[in-house]
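Per-chain numbering from 1; labels A, B, C and D assigned in written order.
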Amino acid sequence: MPPKRKIINDPVYGFITLNHPLIFDILSHPYYQRLRRIHQMALAQLVYPGAVHTRLHHSLGAYHLMCNAVIELKYKDVDITPEEETAVKAAILLHDIGHGPFSHALEHSLVAGAHHEELSMQIIHEMNRQLDGRLQLALDIFTGNYHKPFLYQLISGQLDVDRMDYLSRDSFFTGVSEGVIGYDRILKMLVVHNGQLMIEEKGIYSVEKFLIARRQMYWQVYLHKAVLAAEKMLVKIIERVKTIYNTNDIQLQTNCALDYFLNGFNGVMNKAALDMFCSMDDTDMMFAIKRWSKHPDVVLQTLCDGILNRRLLKCQLHDEPIDEGTLHAIRQKVAGQLGISIEEAAFLVFSGEAVNTIYKMDDEHINVLFKDGQVKNIAQVYNPLIHQTLSTPVKKFYICQLK
Amino acid sequence: MPPKRKIINDPVYGFITLNHPLIFDILSHPYYQRLRRIHQMALAQLVYPGAVHTRLHHSLGAYHLMCNAVIELKYKDVDITPEEETAVKAAILLHDIGHGPFSHALEHSLVAGAHHEELSMQIIHEMNRQLDGRLQLALDIFTGNYHKPFLYQLISGQLDVDRMDYLSRDSFFTGVSEGVIGYDRILKMLVVHNGQLMIEEKGIYSVEKFLIARRQMYWQVYLHKAVLAAEKMLVKIIERVKTIYNTNDIQLQTNCALDYFLNGFNGVMNKAALDMFCSMDDTDMMFAIKRWSKHPDVVLQTLCDGILNRRLLKCQLHDEPIDEGTLHAIRQKVAGQLGISIEEAAFLVFSGEAVNTIYKMDDEHINVLFKDGQVKNIAQVYNPLIHQTLSTPVKKFYICQLK
Amino acid sequence: MPPKRKIINDPVYGFITLNHPLIFDILSHPYYQRLRRIHQMALAQLVYPGAVHTRLHHSLGAYHLMCNAVIELKYKDVDITPEEETAVKAAILLHDIGHGPFSHALEHSLVAGAHHEELSMQIIHEMNRQLDGRLQLALDIFTGNYHKPFLYQLISGQLDVDRMDYLSRDSFFTGVSEGVIGYDRILKMLVVHNGQLMIEEKGIYSVEKFLIARRQMYWQVYLHKAVLAAEKMLVKIIERVKTIYNTNDIQLQTNCALDYFLNGFNGVMNKAALDMFCSMDDTDMMFAIKRWSKHPDVVLQTLCDGILNRRLLKCQLHDEPIDEGTLHAIRQKVAGQLGISIEEAAFLVFSGEAVNTIYKMDDEHINVLFKDGQVKNIAQVYNPLIHQTLSTPVKKFYICQLK
Amino acid sequence: MPPKRKIINDPVYGFITLNHPLIFDILSHPYYQRLRRIHQMALAQLVYPGAVHTRLHHSLGAYHLMCNAVIELKYKDVDITPEEETAVKAAILLHDIGHGPFSHALEHSLVAGAHHEELSMQIIHEMNRQLDGRLQLALDIFTGNYHKPFLYQLISGQLDVDRMDYLSRDSFFTGVSEGVIGYDRILKMLVVHNGQLMIEEKGIYSVEKFLIARRQMYWQVYLHKAVLAAEKMLVKIIERVKTIYNTNDIQLQTNCALDYFLNGFNGVMNKAALDMFCSMDDTDMMFAIKRWSKHPDVVLQTLCDGILNRRLLKCQLHDEPIDEGTLHAIRQKVAGQLGISIEEAAFLVFSGEAVNTIYKMDDEHINVLFKDGQVKNIAQVYNPLIHQTLSTPVKKFYICQLK
């Protein structure tokens, strides 16, 4: 009698198989189900209408790739115990559990000072408590302190299944073929050497493709001008609401956990705050935006209506920082048009750096294992294209303004 | 200088091209942008996690197929004026504009007595007013009274682009290969004869495939037991809220247009009511479910928590109607378990017909044009599989109950 | 140190993995490499230009599905020893080894009286001898006498991996979406009960799809009128050459093993004849056709030129047998036109049955295992579409004639 | 009544539509049908079993992309007359008509001194004669002298539909995802400025992807070590046969046009030679290889058996030229082993440059048209990755030797 098994249709990989009690317990947990209501790509759907897939779907996909990676490494005689296997699968399922409404777009903004990875840790700790310690090994791996570093590197590293899934999945749902990678080939080329995850020499072209695909998706999709504008507008909405928050202004209140983080939160993520956090998702934020789109504050109304009805700020990218004088001049013009102050106009005319740190492109220590046993950092391999990809500056400066 | 043009990435068809001022005006209208917040497949995502695509995306897809159908028919010397071409494209973009939160799942339930097609008509009338009558020809075609019936049949008929898109798109996003159809081949086989849309003789196998694909998607996806359970739970939530509605019960109120339709609506869809309707989308309903999941009413709480955390009622399909005695016995048991009345238990234990009328499988008058000029209804063509597909009963009976 | 492994890119399944010495020995055997030069779909490429894939590619694909089927069944605690696993994989790799030039199209025609499955048996026996008996278990399974019948059924039965691969592959290379099947889902639904291969109850829709896809491919592709014409022309070429064969006619001779089967072969497939057979492939036949296209015999020249330059006979399908009088009249006309005899005209004007026995649609005993342990033949399951598909007559009558 | 039209299933693009009498006349011409028997990727199928597609299929695909390019440019008000439209489509259909057996692999070797593009010109001239001058405009465009240079650039230039098709098609049939390009997006970004074909500014990322994809396919597929070995073995077979040719050696003769080019050809491609050339295809060469694999000459036998049964020479790639001393030592060893002379061993042990000139990567003058009307060579655009891709050396040195 085989153990209970569940098969889930996935348009990207075909089928995803679940077959362990712990995995089922994670999936049915409300904290996990919440990810169903958080879009993977925040507001990218305003440009790519198919990009409405969820964090839950991405987690399942990364879990699927992890299953394949484990099969592959075990085939190559890497020692992975059944407990470690379950733990590393649990850990990848939970790697994004700390994301809040609109993921990266509102990170650092809605819940000030909290990075999604720290929140993930706190939430997994809480789930571990509820699941009688059955997530302890997953936690150990996730913190990177376990004595088999390759397990952590599969979850978070330059060749982790997280990136392989988000590139594949985001490419699939946006329809942007530039992000297609040979994830199955990369998985087959993974090796463990001295406890570290590496790539076989003959996998270099696939890794080259992977690095370039990420770069292409970065500029073409993740930092598409209209996507950038929409996501910065989200940030400005939160900032504006916090600025004008007043407990008597009933139109600002949302009757959900958002209220707490918009006003009462003191920065300490205790159990009560965590519960609040775990009750929020994109729904609350979008509901609030709908509500605020009718608020008398012109700035708030403009931003919220913009998100709702796709009337986005105009966004431009430059190689140099935007001049303060230019910004000020535009703000003055907008302030005059809308009858608002310069400070208020700064919510509708602003600039910043379009950086890619969230996609972790700064630290590419991929090691290559050669047939003769040598190990080299991929950046040292004689391959000018990889070298160039890794050293290409990926910082631009944006300016957003009212059309 | 070519007219303004916009190209949208679509993972299903590659690229969708927009190039007419009227089309741009429709797209940027808030009524249309609202479709971005209504899932095409309601709660099917609880079973198929990829099925989170929107009504807006489906409308765009149907529009794309319409563009191709028009090119094809014009190539075959069918007379279509530039005005008709724009109108029929506008009409297909708007064909689903009357859908409310969770589309079919809550149709007839949230807004009593209103069919989405009538609502579409009313909304298009209103948009036509706002757009200075530029939608008049689209309206004429949409009402089916225009003197070229094939234009209406492209929008709504047995071979319409609506069905071709939803089968292709639902199949794509669920990952269920059984729904794959040869839409491009069917489009190439379309002909107009005596003003009616028909299929060329050599397109019969593609139509056979199309009919079978729809039937397969129907049973495998649209009426999947867990999907059915979830969508019926939505209906029961609305029914329960209406039953216990009390304007003093602040926990039931949602502070959005839902309140109006849950209580104050008198069945007359006047301008004010239409405005209310057009302000609602899935967000409001999901926000309400989150709110109601903490309501003291056990029935409401159970149903809402079930949707939120994927704790669905158990659903079974039978060929015969469910016996009233059986139902009553289960209700009694549930009433005892939860300490509720039999009437209340009926919200958690219920049965009904799983019919497919929403997918319009009952009226399959597809005409085939033979090379010699003959026209035959496809049901009369000697093709036992088509014949069987068309005459196969598609009614089953479901019972849902608390696990 | 893991065993040697080889990964082959396959556009249909992604990657095919080979990892056993016996499998490598089979692959590198000249008898197997010969399959590289035999098209899977004979002359279907004259209609579907992409359909140029080979028997070798199909064998590899079926092998890949077998690997997955074995993993699946072992997961379900079906007892399969490592020896049986290797043997059943070897057997599927070799299942088509007995095909000659242009596969089914010339079967029974070039080598009179020899069915490809008997030839496969003989060739595997010979390979077994060369490989020191290491194919014995594969042979036992292949002959259907092994005490675990499900192993044979995986190779040749209503749910075998042969059919799953050829439908998937032929559909992929022709671009005909009607043949797409959910092979991965069917594989996941396979079970073994009382030693027999069956399908789980919830796999019924996928099997329904599989049966219908096969039927659609049958009529739309395998028996496409132009494909049928081309393949019957091949048969007529062989018949004509045999009729006029004369050892002094140097233009008829091909200087390869074909000569032997066109003239000297006495019907006894001894070792020498088998060697001859195993040296032939599509190349020889196509080379001969090129040569014969310049032969003075008008009939032979017409047929060969027709294949070479895609000047095919006109083919029509009828529900009733073609009347002898009609045939005779057309032959008379053609005889007059070309200045040939009526007997000669019969090579250019002929009729026959378009039957589907080669695709084994006549004997559909698929057993379904229900959750309660019951087993039913799928034809007895209440599913009108399956019932209809299975009982639909699949015989038509063709007539081919010079244009 | 629309003009006659034919629709061809293509697994890469869906459907290819043919609808002009001249196009039908080209397709049915024996010179064009011959391309059906020439593999697009020569012997790449020995590594990528799916890569068996033909030159005919590639030509049809390039024709399809040309149709789309023309629609696109006409939409952008580029002046293209109906005659030019037909001519440019005819020209692309015929762009590879001059390929001989195994295309590039045997170019310059079988028919000494003849480049396939010159042969194409001669063959099109001959077809033009047969088609009463209806190919004159196509010829004018093809020679690059027509007064609208963009028409020629669509056929042969850095953004031509030839490259777009071969990358897409080779990637599809090999299953190597690294070659996937956004051909549809590139086509939409094409513009004509001052008569020259250019790309719009916002198409830069797609072009970057295109350049990188070509580079990846080049090293991963086209110059894969085993593919390189096989194709160089073909060249050595021809060289060996020419060396030992003797009209009395009946075993060397093939009884087809090959004989002429192996021995009698004087380098002048007159009408008789051209007829000979146009009667050859892969079949003849493969038939010859089968025949020669039994020839007593050890060198020839070894090489031919190697191709037939996939016993390839071992190939290595180096950054530096292979040392003559090394080569000589290996040759001596092989000569000793096989009992042949050093000169003979040089057919089995040899080195050379793996260059990519056949894929024309050396001259990348792609012009970019900016919104403000400026035109820049893409190499001057500030995009370090493109710059790097273009300037990366693409020369390596191979050595092949008997295993």
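We take it that contacts are C-beta pairs under 8 Å (C-beta built on N, C-alpha and C of every residue); 3 or more make two chains touch, one makes a residue touch a chain.
Since the structure is predicted, the reported quantities are computational estimates derived from the model, not experimental observations.
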{"item": "Greatest separation from subunit C - chain, by CA centre", "value": "A"}
{"item": "Of A-C and A-B, whichever chain pair has more C-beta contact pairs", "value": "A-B"}
{"item": "Between subunit A and subunit C, centroid-to-centroid distance (C-alpha), Å", "value": "49"}
{"item": "Between subunit A and subunit B, centroid-to-centroid distance (C-alpha), Å", "value": "32"}
{"item": "Sequence positions of subunit B contacting 2 or more other chains", "value": "14, 176"}
{"item": "Touching residues (chain side subunit C, partner subunit B) in the complex", "value": "176-178, 180-182, 185, 205-206, 208-209, 212, 215-216, 219-220, 319, 382, 384-385, 388-389, 392-393"}
{"item": "For the subunit B and subunit D complex, residues of the former touching the latter", "value": "1-2, 5, 7, 14-15, 75-77, 184-185, 188"}
{"item": "Residues of subunit D defined as touching subunit C within the complex", "value": "8-12, 14, 28, 30, 33, 36-37, 45, 48-50, 52-54, 56-57, 60, 172-176, 255-256, 279, 283-284, 286-287, 290-291, 308-311"}
